[in-house]
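Before I ask anything, here is the structure I am working with.
The first chain written gets the first letter, and so on, giving A, B, C and D; residue counts start at 1 in each chain.
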Amino acid sequence: MKSMGDVSIKLEHLVKQHGDTLAVDDLSLEIRRGEFFSILGPSGSGKTTTLRLIAGLDQPDGGSLSIEGQLMQDLPPNQRPVNMVFQNYALFPHLTVWKNVSFGLEMKGLSRREIIPKVEQVLDMVQLGEKQNRVPAQLSGGEQQRVALARALVNRPAVLLLDEPLGALDQQLRQEMQGELKLIQERVGITFVFVTHHQEEALIMSDRVAVMNGGRVIQVGTPQELYETPGSTFVARFVGHSNCLDGEVASMDGTTCTFRSDGVSPIQVPCPGHSLEVGRGTFIIRPERLCLTRNAQPNGFENHLPVRIQKARYIGDEMQYQFDLAPNVRWMARLPISSRHHERFHPGEQVFVSWKAHEGLILTS
Amino acid sequence: MFFFVPLLVMLGVSLASRGTYGGVEWTWTLTNYLRLADPLYWNIYLRSVLLAGVTTGVCLVLGFPLAYVMARASPRIQNLLLFLAMIPFWTNFLVRTYAWMFILRTKGVMNTGLMSLGLIDQPIEILYTDSAVLLGLVYGYLPFMVLPLYVAIERIAPSLEEAAQDLYAGGWAVFWRVIFPLSKPGIVAGCVLVFIPSLGAFITPHLLGGGRSMMLGTLIQHEFLVIRDWPFGSALSFLLMVLLLSLTVSFFKRQGLADRT
Amino acid sequence: MFFFVPLLVMLGVSLASRGTYGGVEWTWTLTNYLRLADPLYWNIYLRSVLLAGVTTGVCLVLGFPLAYVMARASPRIQNLLLFLAMIPFWTNFLVRTYAWMFILRTKGVMNTGLMSLGLIDQPIEILYTDSAVLLGLVYGYLPFMVLPLYVAIERIAPSLEEAAQDLYAGGWAVFWRVIFPLSKPGIVAGCVLVFIPSLGAFITPHLLGGGRSMMLGTLIQHEFLVIRDWPFGSALSFLLMVLLLSLTVSFFKRQGLADRT
Amino acid sequence: MKSMGDVSIKLEHLVKQHGDTLAVDDLSLEIRRGEFFSILGPSGSGKTTTLRLIAGLDQPDGGSLSIEGQLMQDLPPNQRPVNMVFQNYALFPHLTVWKNVSFGLEMKGLSRREIIPKVEQVLDMVQLGEKQNRVPAQLSGGEQQRVALARALVNRPAVLLLDEPLGALDQQLRQEMQGELKLIQERVGITFVFVTHHQEEALIMSDRVAVMNGGRVIQVGTPQELYETPGSTFVARFVGHSNCLDGEVASMDGTTCTFRSDGVSPIQVPCPGHSLEVGRGTFIIRPERLCLTRNAQPNGFENHLPVRIQKARYIGDEMQYQFDLAPNVRWMARLPISSRHHERFHPGEQVFVSWKAHEGLILTS
């Protein structure tokens, strides 16, 4: 068990009202010191509001918030040991890169002698030393992003808050910056709280992820926990693609159960002891855990159903096949292309979809 | 073209000399400009520039918080405030000035009110002083300060203020380091829009200043309407325009790069 | 508060009556408002509204293309054009009006020029006519039309024009179906900013119209400065303000939803 | 061979100058009738300018352009048989959904009787029938996107031009709209020219793709051609991720050659006859074609090199492993997670990377 000293940010029963909707609804979270923590959710889920509450830019209507063991309620943003990277960077347009980065240190009252080496070091880290005399308008999107990061990091805050910092970059640059950001976090060892709606980004970068929806935290866990054992269909659908099927758990028999749904052959699902009861539920399986074959023999797979390919889509590194398991139940299978001589299926073709019982999951609501 | 003909005519007239009964004799001469340097007028220049400067300053100090509140209000409130700020503009300038006379004179609204409240024993003699002129000018030109400031401040993303706060800046630091420098174009525009007409105003100083204080605007009016020395009046206003223009242009040139954001 | 006191005083005065030697007697009465309906003044109302309306129309027709070109120019050119458009504003209003007198009078710049070019035999008598007043007003107030139009048009994304073209709209259709409706707030603002001061103008009609044509502005001035009937003058301007305000507000109310984009 | 009648758009030697840079530089392309054609490139590559030249919104400085066999040079945009979906939709903010969609038909001079059924049909197709009286500001981003599409499609143009139409949507919605857009294109059979910087989007949706850079077309081909046989390292890097290695083709011997690079064991590469000459070149292989194993035996793979794992990243459906093949030559291997019981490697671990010779590719410059 982790000791209390490991908690960097603690939110307890936070509530924040915007107009007549609850932007944040009874939210409790613990974020550990030094971890890369992501808050993932669709737009309007309250993730940015949560970040603003931590920064002190919004005031909570209820609950408490402490950073490094200190209650933050009455501290204005300029007295909190956190810094923020804003969604559109919020760089000061009238100041040079250097002046933007040194702003926080000057405000803290550091002398010029103390400021210079700190700014130089952080500009080196984000590789902007040569552009220190430019103003933000003379920089590319990626460079502006780096200035925003440097401006926050130079203060060595206890916690760095990042509000969709990569949202304005295009795909190639975004992937590059993901790697860079992660690298910087590992180097400086500061707690990062990262807000994003991009599930792949959250999984690839984070130590832990909180999935939010409608102002509430739906699930908190490591990327693997969220992906492998989502606690709800919302998480299953939002974190990665999921094939779903509504039906009921019909019979339990040792370690596997039978799941029935209208118009589909019975499905074998794992049955982890007492946690699953007979009743209605949703069966979930990831598209990459399905196999497609022309072979009518189950070949060791517990589930083996005939389907007709509806669509085949090529994305270079994989094929995506869509088929209807039952009327109005469209599933997708993703088959990696690990060789030039990959076997293809074609729309209209009759094939078999098969999977191991333990790859599936039952969610009861 | 249409814009410049009157300016050229004015320049032409300023190079002529006054006819015997007013009017213009086309002798090309710089006498009028030389006369401008006459120490006789120095006092007027100084008073005018001072009064216009103070008017501008007061408008800036009053107008900035007003413009800031407007710019940061919700859109619905913004429209309402904008509308309210424009109200003085909807009444005739002359009538507004008379209203101030009613308020300020010895037995006017202000003195009657304050005396009946027992706050003062003696009426305050404010009409026909520079203070009255100042009040009238500020009232008349405040909207011209507020509007460009509003436009400038509205363009400053609120996230910049939040970023400054996040970077340990207190209220004053946020103002001086972020809001003030970023609203400079609006400040300059507002100051120009208040300073120029204040300098040239003649109705307000005439009525509220009671003719005691000659100012640039009243001087020009005097030259045109009373003395009928049009060439000298033209020279006066032409010089004024050139001075103001060059001041403003040089300011914007210097700001040029920083404003391009 | 500061904003409204003069308006309230004006309202108060308009409910009083004229003293024997000018000044105000505080008899609370609506007589002044009843006098407004006197057919004696109808002609003045009509002339004023017509002339102010034509001024507004001419400013709109001249200002729109100007504002459009400004709004679609490169930022550097935009600043230059904005600066040029403001130039008339930099000279004293009185001086500008005199410049027009020099241009327009029988032996003025215009007639001399046209006759020496052989384009006309007889001088065109234009000074002291309504045309001269119109010219002076348009020249003076054109910037007030151009600026709000510029702001409104600049906000219309050029891609909307391209989309309309792409959807088979020719030049006129692009204008009438896209640019015109989207610049309506600017058109209204510009029209208000030109119509109101045109209606209340008194120097331009006085000097360029030669006192022949009494207008609302000159009437108010006359009541205040010559007849010294301040209550009636106040009633006149108060009514004017209320009418204009209610017209504008009702327009914006009606547009309310459509403008919220 | 396709007959000339199949060409919908023909660009020949188009040139367009912007200031003193060539936005489009001697560009020639043929786009076939009814195909979903994408123009893919980084920002500033000239792809949007190309689209605007086709629409007539920009005028070329040289070259010729014909649509359906008709030269377009002197036709203004309102007389060309194309319609455009703009990047930020460019919906008329003062008009309702219905009026936006009927705009083009009204401009064409159709009667109200003719317009009504057409608008109704296209609004049904994009599922916006119920929102026809709203103005754009009252719609979500996805709905605005659909109005923009409907407004163009209702005119039944010969060609539909789409300028990054999905760029403003967030990830989930974007994937949904990709499918919908493709479906609509298949239904209406109109030629689509689709501009994007998003390579996965281009691959998944297109019949053919032109990759642009610096105003020039670098390569045109089907998604599979671009992915499997990129003609340059630019295409190899921009269309999907590629592992690269500079070196030289050392010896040719039947169907495989040997490729040498400093500090790396010789690599076996395919050698397709005369097309490859001995000399300098770049070796390319896709990350998902690499295998990682702890087994020191090649096991039938022609290439089998020891490497040390530097980073391991989990994305739910796959693991990404980074390792240094040689100093400053960082490669990545992507291993699909096709089962919960997937074998993991850890940073610092010594493993072997192996691949079949035919999965690699040599590009000579």
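Annotations for the structure displayed:
As a convention for this text, a residue touches a chain if its C-beta (ideal position, glycine included) is under 8 Å from a C-beta of that chain, and two chains touch if they have at least 3 such contacts.
On a predicted model such as this, the values are computed, not experimentally measured, just so you know.
Listed by label, the chains that touch chain A and also chain C are B, D. With centres defined as mean CA coordinates, chain D is found 59 Å away from chain B.
Put simply, the C-alpha centre of chain A and that of chain B have 57 angstrom between them. Taking the mean of the C-alpha atoms as each chain's centre, chain B and chain C sit 21 Å apart.
Residue positions 260 of chain B each touch two or more of the other chains. Among all residues of chain A, none touch two or more other chains. Taken as a contact graph, with one node per protein chain and an edge wherever two chains touch, the assembly forms a single closed ring in which every chain touches exactly two others. Chains touching one another form the pairs A-B, A-D, B-C, C-D.
On the side of chain A, the complex with chain D involves touching residues 42-43, 170-172, 197-200, 203-204, 223-224, 227-228, 238-240, 286-289, 291, 313-318, 320, 334, 336-341, 356, 358-359. Chain A contributes residues 55, 57, 76-79, 82-84, 86-88, 90-94, 103-104, 107-108, 135-137, 151-152, 155 to its touches with chain B in the complex.
Within the complex formed with chain B, the chain C residues making contact are 2-7, 9-10, 13, 24, 75, 83-85, 87-96, 98-100, 102-103, 109, 139, 196, 200, 202, 217, 220-221, 224-225, 230, 233-234, 237-238, 240-241, 244-245, 249, 260. Per the touch definition, chain C reaches chain D in the complex via residues 157, 159-160, 162-170, 173, 177-178, 181-182, 258, 260-261.
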